[in-house]
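By letter and in written order, the chains are A, B and C; residue numbering begins at 1 in each of them.
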Amino acid sequence: MTDLLVVEGLEAFYGQSQVLFGVSFTIGKGEVLSLLGRNGAGKTTTLKSIMGLVPPRAGRVRFGSTDITGRPAHRIARLRIGYVPEDRVIFPDLTVWENLDVARRPPLPDGREAWTEERVFELFAQLRPMARRLGGTLSGGEQQMLAIARALMGNPDLLLLDEPSEGLAPLVVQTMLEQLLRLKETGLTILLSEQNLTFARRLSDRVCVIVKGEIKYAGSMEELVANETLRRAYLTV
Amino acid sequence: MRHGERVVGARWVSAAVVPRATTLGVVVVLLGAVALPHGLPVFYAFLATDVLILALFGLSMNLLLGYSGMVSFGHAAYLGVGGYAAGLLALRAELPMAGALVLGAVAAAVAAMLFGAFAVRLSAVYFAMLTLAFQMILHTIVFKWRTVTGGEDGLRGLRPAALVDGPVAYYYFALGVLVVSALVMYVLLNSPFGYTLRAIRENPVRTAHVGVNVRLNRWLVFVVAGFFAGVAGVVLAFSKGSMFPEFVYWTAAADPILVAVLGGMHSFAGPIVGAVFYRVMVYVVGRYTEYWPLVEGALLILVAISMPRGLVGFAQTLWASAGLRSAGRPAPRPLARASARLVAATPSRATGDVLRLVGLRKHFGGVRAVDGVSLTVEAGQIHAIIGPNGAGKSTLFNLLTGHLQADEGEVYFGGKPIGHLPSHAVISRGIARTFQITSILRGLAVYENVLIAVLAHQRRVLDCVTPAKTLGVDQTWQLLELVGLSEQAGQVAGVLSHGDQKRLELAIALANQPTLLLLDEPTAGMAPQERFESVELVRSIARREGLTVLFTEHDMDVVFSAADRITVMHQGRILAEGAPDDIRKDERVQRVYLGGTL
Amino acid sequence: MLEFFATHFGWLTDVSLVTLQLASGIASAMFLFLVASGLSLIFGVSRIINFAHGSFYMFGAYFAHTWVQLLGGTPGEFWVMLILASLSVALLGGVLEVLFLRRIYHADPIFQLLLTFAFVLLLSDVAKILWGAEGKVVPRPEALAGSVSILGTPFPRYMLLVVAAGFLVGLALWVVFYRTRWGRLVRAARHSRDMLGALGTNVPRLFTQVFMLGSALAGLAGAMVAPIVTAAPGMDASIIIDAFVVVVIGGLGSFLGAALASLLVAVLKALGTVSFPAISMVLAYVVMAVVLIFRPWGLFGRREE
């Protein structure tokens, strides 16, 4: 499997305080990698650093054959990286359809079927009747799905998903999981940041555990789940 | 946070402690100002008087701009009110100049009271706009009300009192007024009131959360600034012998801003330096070209883009890089430890409910952040609220301290409803809090951060006379020592490490001598060892002082080692509540945390 | 009391005078709307209050004069001139944005205010250097000379054009903002530039485009007003305050607000000129103060944090 994304020794700061201390990992094409860790461990910052929203102070990010370290976010997005932030950032004054439209980018000439509103609504059926509603009036779960749908409109090769299950009701999480599994089947590569172990387990091929800005574990989910000490130390109550 | 950040330096540390070199400088400048008219043509006395008036005007502006962070674009209105009022009184009521000076300034202050009452309620942009509109109203009135104000021909025929009639004599009069006014402003800015203004400039939310009525203080400084602008207006009116509508045209509002920013709005002397530079430039450039505005525009672009701290800031940078100035010091630490009682003066060891929430609800658009929360916190308990991100914990805190208003439900503190109160009123009833994203006064010294909270708690905010550095010394040092920051007392808070900033915020909260302490993720972003020390600190203080603590936290080790009682929130509701052991065993809680909901 | 009403409002029985005042109020509302909507547009995305917007309006008038001279009687020169003058001002705005404003989007707002004020000073002198201190006349197109009769009152034909143009531009703006992708990008940028950037939009470039469009609107207003008032120094200052009042009443960032407040302010001014000639503009300020007391974020604005 060829590596689609290679992150090497990433260091990032918020103002004076360092959040990432040399984060390294790779994702293969078509793989789903979960970045697990508690709050404040650096999951969100890792995703933002890859996306160019928090410029890294040190380290390298390579996407395909391109070094994207320190590039502006819109250039990174145009290289086909889709970003779904933790707080979703739906444009509240735009309708659902308009939220999708602003993210639209032309498909790559590699013959893959391009994402359209139609395809997005097939996947997220509950959004279809809401196409004309303002983004700000959606519920948390609906906003989350719209945020994912919006990222898809850019025809990404890699999707950065920041804690999609956060604050959502179990039933909604279940639906979303099924939708993401269908996305995975299309061959989309996903970097998922999660606290919800069960959710991550169903979706991901491999996991990394990030603790206080460092990757402490990288490997299979099964091993992590089986290893009580590991789990207690890094993730659970 | 990049958007709101501004240039900060070590300036406030040194502002209140006048180093000897500065005292010497002031004396030299004053002697120079006194000697100035001698040996120069009389014309220069006129020019120098202009500089003095502009300096006074700029100083009054900087009370708002530099010290309180309020961008008024209508400050010339108060100069106008002062000048016109004094002129009318002198001409129509034949009041002597001294009386006109006092009444003119008072009239300006009254106008500022009226206009300010509307303006200070507004956010920054609308504040600038509304102050500008008030100035334009005044302009229209003096322009059109020809029978009274003389309209565009101006109000003419003023003569100064015989004693100061004549360019040189009047120069000395203006100098005297400037010196006295500057002295008053200097005292004011170094009083608790002045410190509070800086706190508001740095962080209004934090300042409200040490119990300060931010709006009231903004209004008061607006009135004071209006008063001194009025004084400048009166001196101007008698200097020119007339007042014209141009003095209050909208472009005139820029003059004091230019002077303050050019000189350096974060330095007391900045506007004076700016006024000298500006007026002399106008004069010199004006001799060579009629296109002064072009030069001025270019100069402003330069300042706005590359010299945000103005001439004084620029000079300080040079000075500092030459190693000529040491950083100022906070008030010296007292030798003897005053009392053993560090925090609560009167610990409330009362039993029963300290805090009771009944059916609290808060929605944002379609998101139910807090969805019917009822909760009781007992006195003396350390009570944790945990839950996954987005469970509604921070929103709940914001509802408790009046930062947000609930859609439904009520908050009772000590049995009394507080849900409707603004933050400062909640805080002064004995609640203190820290924020998830550390909220401190980043541009001020560590010592000053705590001092302002101490002064607010002592209800000294409106003291405009006593030097703040002489007040609350014991308690400030004790609090700094308590959280282990006495070594860093003189540093600017913004450069502290993350953990130290969190500790500083704790000291700020404790300064309020609260009955109930709310901590929103007190250890977020700290190293593991630091976390335990930090929590142990809170615990020991709470036990000793009989404090009740309600905190949110993500570090489960911290939660289970510190809390007496735990409430688990999920999706805006309470999922479980109980002693730590019960919570640890609770199936539902495990499920939420492990995501076993599938 | 009765006498007071007779003096100040007696004229309201004169239908032709009322019609004339209303019509001219509506016409001047159009200029105000063009300037204010540009101001509001720029504020909406960049949070910058552009003092230089009045200068752009003045430059529109001067460019109108220059282009008319350069075009020298080509057929349809008036219409070509309107387009060229607007484009010239757009270019001017774009250059200022790229060279200066772009550097201080993250700075303390006072520096933004200061910078745009610096533009006011610079541009007023540049205008004097380029065009002198004398007013520059721009001829009215012949087809629009003369008057038409509205309810029996003669009304300049040119003013009809102004009213029509105001409506058309307002409509065009609505279409651009609510029916084109570019408009959607602009509305999205108002909420979160970071998110929009992460979705692949070049946000700095979008800001420049918005600034240019806002400038062009002011330029168009200036070019259209030139045949009525002659291009002269001081035009900048006279319009900018009115435009501020309009955007504050309407709510910063709101088009509908700008449109309605322009009408309100201009009509109030036109009627007030007859009733209370001394203080007609004060009426607008009073309306503004009252609005802000009850709705501190303007009629159609959004509550600020």
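Observations on the model:
Just so it is clear, contacts are C-beta pairs under 8 Å (C-beta built on N, C-alpha and C of every residue); 3 or more make two chains touch, one makes a residue touch a chain.
If you're wondering where the values come from, they're calculated on a predicted model, not measured in any experiment.
The chain with its Cα centroid farthest from the Cα centroid of subunit A is C. Of the two chain pairs examined here, A-C and A-B, the one linked by more C-beta pairs in contact is A-B. Closest to the middle of the protein, by Cα centroid, lies chain B.
Centroid to centroid, with C-alpha atoms defining each point, subunit B and subunit C lie 36 Å apart.
For the pair subunit A and subunit C, the distance between mean C-alpha positions equals 44 Å. Our note on geometry: subunit A versus subunit B, Cα centroid distance of 41 Å, whole angstroms.
Across the assembly, subunit A contributes residues 92 that each touch 2 or more other chains.
Subunit C meets subunit B in the complex at residues 43, 47, 49, 100, 103-104, 106-115, 117-126, 128-129, 237, 240-241, 244-245, 248, 252, 278-279, 281-282, 285-286, 288-289, 292-293, 296-298, 304-305. The residues of subunit A lying in touch with subunit C in their complex are 51-53, 72-74, 76-78, 83, 85, 89, 91-94, 98-99, 101-105, 150-151, 154. Per the touch definition, subunit C reaches subunit A in the complex via residues 181, 184-185, 187-188, 190-192, 194-203. Note for the complex: subunit B touches subunit C at residues 2-3, 5-7, 65, 71, 73, 118, 121-126, 128-130, 132-134, 136-137, 140-141, 144-145, 249-251, 254, 257-258, 261, 265, 291, 293-294, 296-301, 303-305, 308.
For subunit B in complex with subunit A, the residues that touch the partner chain are 1, 365-368, 388-391, 494-498, 521, 524-525, 527-528, 554-556, 560, 571, 584, 589-590, 593-598.
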